[in-house]
Amino acid sequence: MILPHALTFFLAAIAVSLVLNLWRLATAPTLTDRIVTLDTMAVNAIALVVAYGIWAGTGLYLEVAVLFALTGFVGTVAYCKYLLRGSIIE
Amino acid sequence: MRRLFPHPYLTLTLIVLWFLLVNQWKIGSLVMAVILGTVIPLITSTWWPDRPRIQRPFALAAYAVLVLWDVIVANFQVARIVLFMPRDRIRSAWITVPLELTQPEAISLLAGTITMTPGTLTADMSACGRALLVHALHAPDPDAVRDDIKARYEARLQRIFA
Amino acid sequence: MSHWIIAPIVLPALVAAIMVTAFRGQLAAQRLLSLAAILGLNGIAWALLAAATQGPEAYFLGDWPAPFGIVLVLDRLSALMVVLLAGLALPVVLYAIGSGWDAKGAHFHPLLQFLLMGIGGAFLTGDAFNLFVFFEVLLIASYGLMIHGGGGARTRAGVQYIAFNLIGSSLFLLALALIYAVTGTLNMADLAVKLPTLPEGDAALLRTAAVLLILVFAIKGALVPLQFWLPGTYANAPGVVAAMFAVMTKIGAYATLRAGTLIFPADLPATGPLLSTLLQPAALVTLALGAAGVLGARTLPRLVAFGAIASMGTAFLAISAFTPQATTAALYYILHSTLATALMFLVADLVTRRRAHAGLDAPAPVAGSGPLAALFLVGAVAMVGMPPLSGFLGKLLVLDALRGQAGLVWSVVLVSSFVMILGFSRAGSLVFWKGGPSPSPAPHEPLALAAAFALLAGLVGLTVFAGPVTDWLAATAETLYAPQGYIAANRLEGGA
Amino acid sequence: MTPAFIVALPFLGAILPALAIRFGRNACALATGAVSLLALILLIQAAPAVLRGEVVQARIDWLPALGLNATFFLDGLGLLFAGLILGIGLLIILYARFYLAKSDPMGQFFTYLLLFQGAMLGIVLSDNILLLLVFWELTSLSSFLLIGYWKHLPEGRQGARMALAVTGGGGLAMIAGMLILGNIAGSYDLTVILTQKEAIQASDWYLPALILILLGAFTKSAQFPFHFWLPHAMAAPTPVSAYLHSATMVKAGIFLMARMWPVLAGTPEWFWIVSTAGLVTMVMAAKIAFFKDDLKALLAFSTVSHLGLITMLLGFGTKAAATVAVFHIINHATFKAALFMTAGIVDHEAHTRDLRRLGGLRTLMPVTFGIALLASLSMAGIPPLNGFLSKELMLEEAAHTVWLTPWAMGLLATIGAGFSVAYSFRFLAHGFLGPVRDDYPHRPHDPGPGLWAAPALLAALVVAIGLAPMLTAAWLVDVAAGAVTGAPVAVKISHWHGLYAPALWMSLAAVGGGLALLGAYPRLRALWDGVPRPEAKPMFDAVVAGLARLARGGAEGLHDGGFGRAVVLAVLAIAAAGLWAFLGGTHAAGTRVGLPTDAVVVAVWAVMLVAALAVPILHRNRVVALILTGVTGLLIAPLFMLFSAPDLALTQLSVEVVTILLMLLALHFLPKETPVESPAWRRLRDAGVAVIAGLGVGGLAWAMLTREAAFAPISAFHLAQSKPGAGGTNAVNTIIVDFRGYDTFGEIIVLGIAALVIFALAEALLRSPAVTSRLAAWPRARESGDRHPMMLVVATRLLLPMAMMVGVYIYLRGHNLPGGGFVAGLVFAIAYLMQYMASGYDWTHARQRFDHHVLIGWGVLVSILAGVGAWAFGLPFLTSGFEYVNLWPLEEFELATAAIFDLGVFLCVLGAVLLALASLSRLALRTGEQINRRAYDTEETP
Amino acid sequence: MTPLLDTALDLFLSAILIGGGIFALVGSYGLLRLPRPMQRLHAPTKATTIGVGAALLVSALDLLGQGQISWQELLITLFLLLTAPVSALFLAKTLILRGEADPGMPDSGTGQPWATLAEERADP
Amino acid sequence: MEALVASAIGILTAVGIYLTLRLRTFPVILGLTFLSYAVNLFLFASGRLAVNSAPILGRSETYSDPLPQALVLTAIVISFGMTAVMMMMAIGGHLQAGHDRIDLDARDETAGRGEGPEAGA
């Protein structure tokens, strides 16, 4: 069984991705870049949650991922809308 | 019927969705799925005033498979560009894709397809809605990309949405 | 089991929800409902008081046994506070209607009802975390009432008020978390039972939790150095709201008394005289600061606000002794100062609205000042504790109960009174002793004046019936220092 | 009960003048007079018993717990004072009826006067020292009102405040003194205390009590150094001056010393303090009076001087001296009240009270002159008038008292008497004698009998007592002095004590000296005016102003609206108190076995904290700060998930998203940048405070996490009962909707209220013209051309129903798996917000079929109904029931009433979030936005 | 399930996971490496999606291997497919509006400007 | 792992307090948000830490303490409501005063200050 090792690799890859995202978040030259990073982080977080669910052997955390998917999107659109129009609901 | 089911495809999608959610195939779930699949579109139809005209629903499924395959293939291409291509050799390009499609749902689907297939993304739409602005990560020949999009995706969608 | 115990919470919530649902924008209907509900609340409160006089009674929410579910506990103290609340609400709502304050913005009556619900819930609960929840209910309703009618200064003062209280709420949660982490329980009676057997190694954490908890109550009670929120808030709130807020500081006093007698009594090995040691100096400084503020205040509402701070200093001074006699004095003083503070805020509002200026030395005289001046005089007399009103009696009771620390305590109390006399006489003479015609005609608002006089009548009643009242309060204080009845009412299961 | 009735009558009657004034000024005065007269009749009825040596008592329990009871007694001293108060009171009422102008509100005046009268009677008839305190302060208050009666005069305002400050302040000191006295004696009842002389004088607390009580007495009776307020109280109308500041109130201090004389007097402390204060006051005030030009000021200082005289006599501590004091009280009341009224008549007629502008009134106002002559000669101590009798006795006592040296007391008393003669004659000479002038502000002549009747009667008394003291006054002196000294007194008052009596020679010296002083007046006056003297009023004003400045600087300065200082102080205080409490107890090191560190947790932890720590550095760009805050908040969700709290993760996520949306909406109306405003030191200080707080909270968390709870947590019950008792497998959810559903009930109400508050504030803002004009001119940056891109609209058409589906799912399964009404409500809310974002507020809202308020209202109502429903089964609020239902063709499912409660939660949450965001959107609509009529911007092709 | 099938599934899932992990890394790395903002936009919307997709697929199959059937992964995938293009569109529009996008944008060819840069139009 | 959580709580608190001490309403609100993060984690930690033991009956062998979780849920919701109200008030203050400073000054008093001739006495 190499699946556990693959899973560990995957988790590590996501963790490293998150750290890379963090680096980007701190050093991003523009605001838009930060939002791009945020969007990426949401997706990475989903991957993390799902993978952790596999590791823990439970499906309890999938709703968290569902919500992450929903919220990551809403957040990104809202930030962009803010930059595009000032008011996000008009 | 039209009053009860303003968007029958949505109703179907929701019924499937409910089963995805509850993860069990029981009569009770079906009853619930049908109830929700009826009620929720009724509530939300006020914000979806016109029903999209879909002529070949099954072609839509085929289209989905095609796109999925393209997504996987193109992913490798993008990964190669990101990882190995020297930065100064990446030839990004803007591409204008004039549209034949008219239904908003169809246009959106095309725009989404372009974005989801790696290497291109829909960046904007003309104010009149008759052209898409596409950005290609690495497209030495932009016109080829445009033709590819029109032939591979738009043509199919035109057949699906009459 | 009597369902009436929960009525002070359910009734206002129900009425508020009905107003929001069915009578939005219908002020007349809302006034009627609100008034009716408060009259009902008064009836319920007195009935509860009568019931509590017979002995404590618990109400097990959700039918879950204590300490696992949440309980409400009706005892003499909680019943008394509910009576005070209901009694204050009546003149306040009458004043709001009579003065038209309730028409100056949206949702006055629902918010008032929710405030009553929150305060009533805080008085009645027997669960530490539930106390937090109801603190939040009353706070958020108070935010809405505080900025009722809008206006730049008021709104900006509201921001500070809410920000300071958010820090307080955070502190409350820290304290509760520590308590739960150490003891594994949240029921106050259960804590009273378990804490005496607490292992010594947990003492430090428990003491920290106790102090943090008391500091939360000290924020509510505007005890120095956590009093900063009060002057700006009370002075900028609509007068009628400030009057209602007179009872809010008392929640801090109530909770301190409850915690200091039930959960952390002086004979608890872990905490010992911790609370007294902490509270007494703070109370003395609070009193002195309040008095100084009264003398230095620039506007009438601020003057009353500082008076409110001083009164909390006095109340906490009595509480901090944690003896039955001092507690009797504290309770009497709390009753008195709530009514007196409310009265003075109403008077300040009446004055401000009659000359469109709250500044003490504004040149404009007050229109129709006769009854107002009388109200101000009597209110001021009550507030500074001059004879013959309840303020004097309360102060005497406090002084008498603290004769053990006569030197410092008496000096501070009496000198503060002196300073407050200076301040109030200066203010009263500046505002009311003016010749010339008033710039604006006196508004005709008999209901508003009647509400103020009703508060005055309350003070007179408290004065005239001081004997029976203090007897009842003394019995109440006795039960606080012998909480077996309170604990027994909880019918604890699986506890120690 | 007679004494109680006597005290109560003026209080009860105080309402009469206010009512009677409708029927005219005569009716008003008559009503007032009737009240006083009735009280006087009651007093006279009781007098025979008192004269027989009995004590008439009355007792009503008031505050037994404190020992404060409405206990009254009438003895000789009380009789004397009550008689003075009521008798002179009646005369004053008569006088005031004619003195007050038509424009003066007479009803108010007589109401105050009666209140004062009642308070005064209360003092002299109280048998309880706490009760006495009550009346004591009431006299301060009513005199405050009377001094300030003429509202338009600033002198009245200031004089009233000064009087209240000094006498009220003294009264506060007396409270402490009386409490000590009561504690020593074991009772606050005078009749008990008066029997405890030995115990009291032996107590360590005797001196503090004495000083505190004397502070009260001295301030009230204007004794040095508290004498300065009395002249300024003369801003009051003359009837007030005559009544309060000569005959009655200022005698309250004297009364108190007399009352306490049996237990406090007789010690060296008493002698030195009281007699010295009296002596100094007598001499100094007499000297000042001599130089005063204002008639009332002259009389005021003369009053101070005479009060000093009486005080001095009481201070001697001998029975004889005390008896003389009592006699002089009577005499002074008669001549001084008459003199004040005379001064008032002069003022009333000539429109001035300034001696420099008067003179020659003798011929213009013969009746007034007659009264003034008799009264001032009595004041000067000229035989055979009553003033002479008591002054003679006083000098005799002084001559026999050793004070520093055997002769000092006598000498000083004689000097004082000399000045007394001098100012009395000056009053006559400069006011009435001399030629008639032609420059009076108003040509004076004698008033009608209404004004002069009262002083005339007093002048008659002056003569009567002077001529036949044994007949008119001795019986009263006997009984009153008997009450003071506690022994039977049979006074012998005569005009002639023989040539060997020192008093004779001292008297002669005083008259001679006084005349000499008057003769030398111009030169002395020049000298007096040339020498700078400390003036009490400016000093008092400076002290009070300084105090006020200090108070304002301290209190107002500290509460100047600065938020940061408040928070810094609060945080430091909390940290210090917490640390102090922690260090005071034992803390056993934690033994809990920690969890092994997990790389995923470390990654989440690191990202979260770096995002958090970046905020203080980058926070000036608010969008960046918001993004970083959002990242921190969103990453707490996986942290919760990793630590086995899926419900928390769901809630944290959904709340965080709504919060971000809200803050973005809000940021539209706020500056986009935070300017650099705090200096470096302040940022450093703030960082220090923040680190202290962080260390404190983090340390506590560490201490908590490494230890086990001391007792088994109650949550074991929740886990055990979750399924069998509450019918759900998600223990967190069963706690929320069942075990502690009542918390949740409060929580959704918080949310509902929050929305109502936001709505109300938005309403208020939209009604403010300043706000709407500011909104209309809202600066807009370069903006994208399309407000509602088609793709978002299309995606939302699918996402909205899908999200609703997910919401329903989360709601339904919450009882058994992570989820529940709260998260479901938020998911619905987010879905709706998406719709709002996609097609705009107006377009979306116009098509919405429910009202947000109603949603909140129903949420609360449903949860209340779910709770109240249990009452029908005789169960407490929020008791839930659940049942497993078999309904063909469905498989078995569970129906729980907790689900109804959870539905209430759902509705309330949804309504609250939507109402809050709708309120913000309504503001945005005022920034010049156009309302869209289509779902999206792109032109639709046909 | 036979051991062979088991091993095959194990290998298959492992491969997917490793591939997915790499793609996720590539996406986040791309954010750092790609020089132009528009280019960076490609990275997350593509590579990361595959990373998530891998995890979801494994999750579904893994639970299937344990005898449970999980379809919620499909739901998440659906969500991502629906939302990612919209996010990308908005991000691109933001770059365009703020002048951070690549230069040389072509004409729309319809006679109308691109929506982001158009004048705001009043509704009819 | 306990050290991680404790340090996170401490740092979040410090960030929160520092931002709360800024002079404008927006950072103050962010600061209070951070404070609520910290406090919620603290409250959560009062049930101690556990992995793989969500209190869903039948889904794992051990269960973490569900009570603090329920309490944190309540606390999260309440602090959300409070933040929303404060945000709105901040907007109100800014729209009315034209600036978003958190400190009040004398001009913010509902009525004037006045230092009349009798201000002292």
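Per-chain residue numbering starts at 1, and chain names A, B, C, D, E and F are given in the order in which the chains are listed.
As a working rule, a contact is a pair of C-beta atoms (placed from the backbone, for glycine too) under 8 Å apart; a residue touches a chain by one contact, two chains touch by 3 or more.
Since the model is a prediction, treat every value here as computed from it, not as a measurement.
The chains in contact with chain E and with chain F alike are A, D. The greatest centre-to-centre gap from chain F, using C-alpha centroids, is found for B.
Chain pairs C-D and D-E differ in how many C-beta pairs they share in contact, with the greater number at C-D.
Centre-to-centre separation between chain A and chain E, using Cα means, comes to 11 Å. Taking each chain's centre as the mean of its C-alpha atoms, chain B lies 73 Å from chain D.
Chain C and chain F have Cα centroids separated by 24 Å. Rounded to a whole number, the gap between the C-alpha centres of chain B and chain F is 42 angstrom. Shown for chain C are the residues that touch two or more other chains, namely 129, 133, 136, 140, 143-144, 147, 150-151, 155, 157, 160, 163, 167, 174, 177-178, 180-181, 186, 232, 298, 302, 426, 430. Of all residues in chain F, those touching 2 or more other chains are 20, 25, 28-29, 38, 40, 42, 45-48, 51-52, 54, 56, 59-60, 67-68, 71, 74, 78, 81-82, 85, 89-90, 92, 96, 102, 104, 108, 118-119, 121, listed in ascending order. For chain D, the set of residues touching two or more other chains reads 157, 161, 544, 548-549, 561, 563, 567, 571, 602, 642, 646, 667, 697, 700, 704, 713-715, 718, 740, 743, 747, 750, 753-754, 757, 761, 764-765, 768, 783-787, 789, 791-792, 795, 798-799, 802, 806, 817-818, 920, 937-938. The list of touching chain pairs reads A-D, A-E, A-F, B-D, B-E, C-D, C-F, D-E, D-F.
Touching chain B in their complex are the following residues of chain D: 785-786, 789-791, 793-798, 800-802, 804-806, 808-809, 813, 835, 839, 844, 847-849, 889-891, 893, 935-941. Of all residues in chain B, only 10, 13-14, 17-18, 21-22, 26-28, 31, 36, 40-41, 43-44, 46-49, 102, 104-105, 107-108, 111-112, 122, 125, 127-130 touch chain D in the complex they form.
Considering their complex, residues 17, 19-21, 23, 71-72, 74-75, 78-79, 82-83, 87, 90, 92, 94-96, 98, 111-112, 114-116, 118-119, 121-128, 130-131, 133, 135, 137 of chain B touch chain E.
The part of chain F that touches chain C in the complex is made up of residues 20, 25, 28-29, 32, 35-36, 38-40, 42-43, 45-48, 67-68, 71, 74-75, 78-79, 81-82, 85-86, 89-90, 92-93, 96-97, 102, 104, 107-119, 121. Residue ranges on chain A touching chain F, taken from their complex, read 56, 58, 60.
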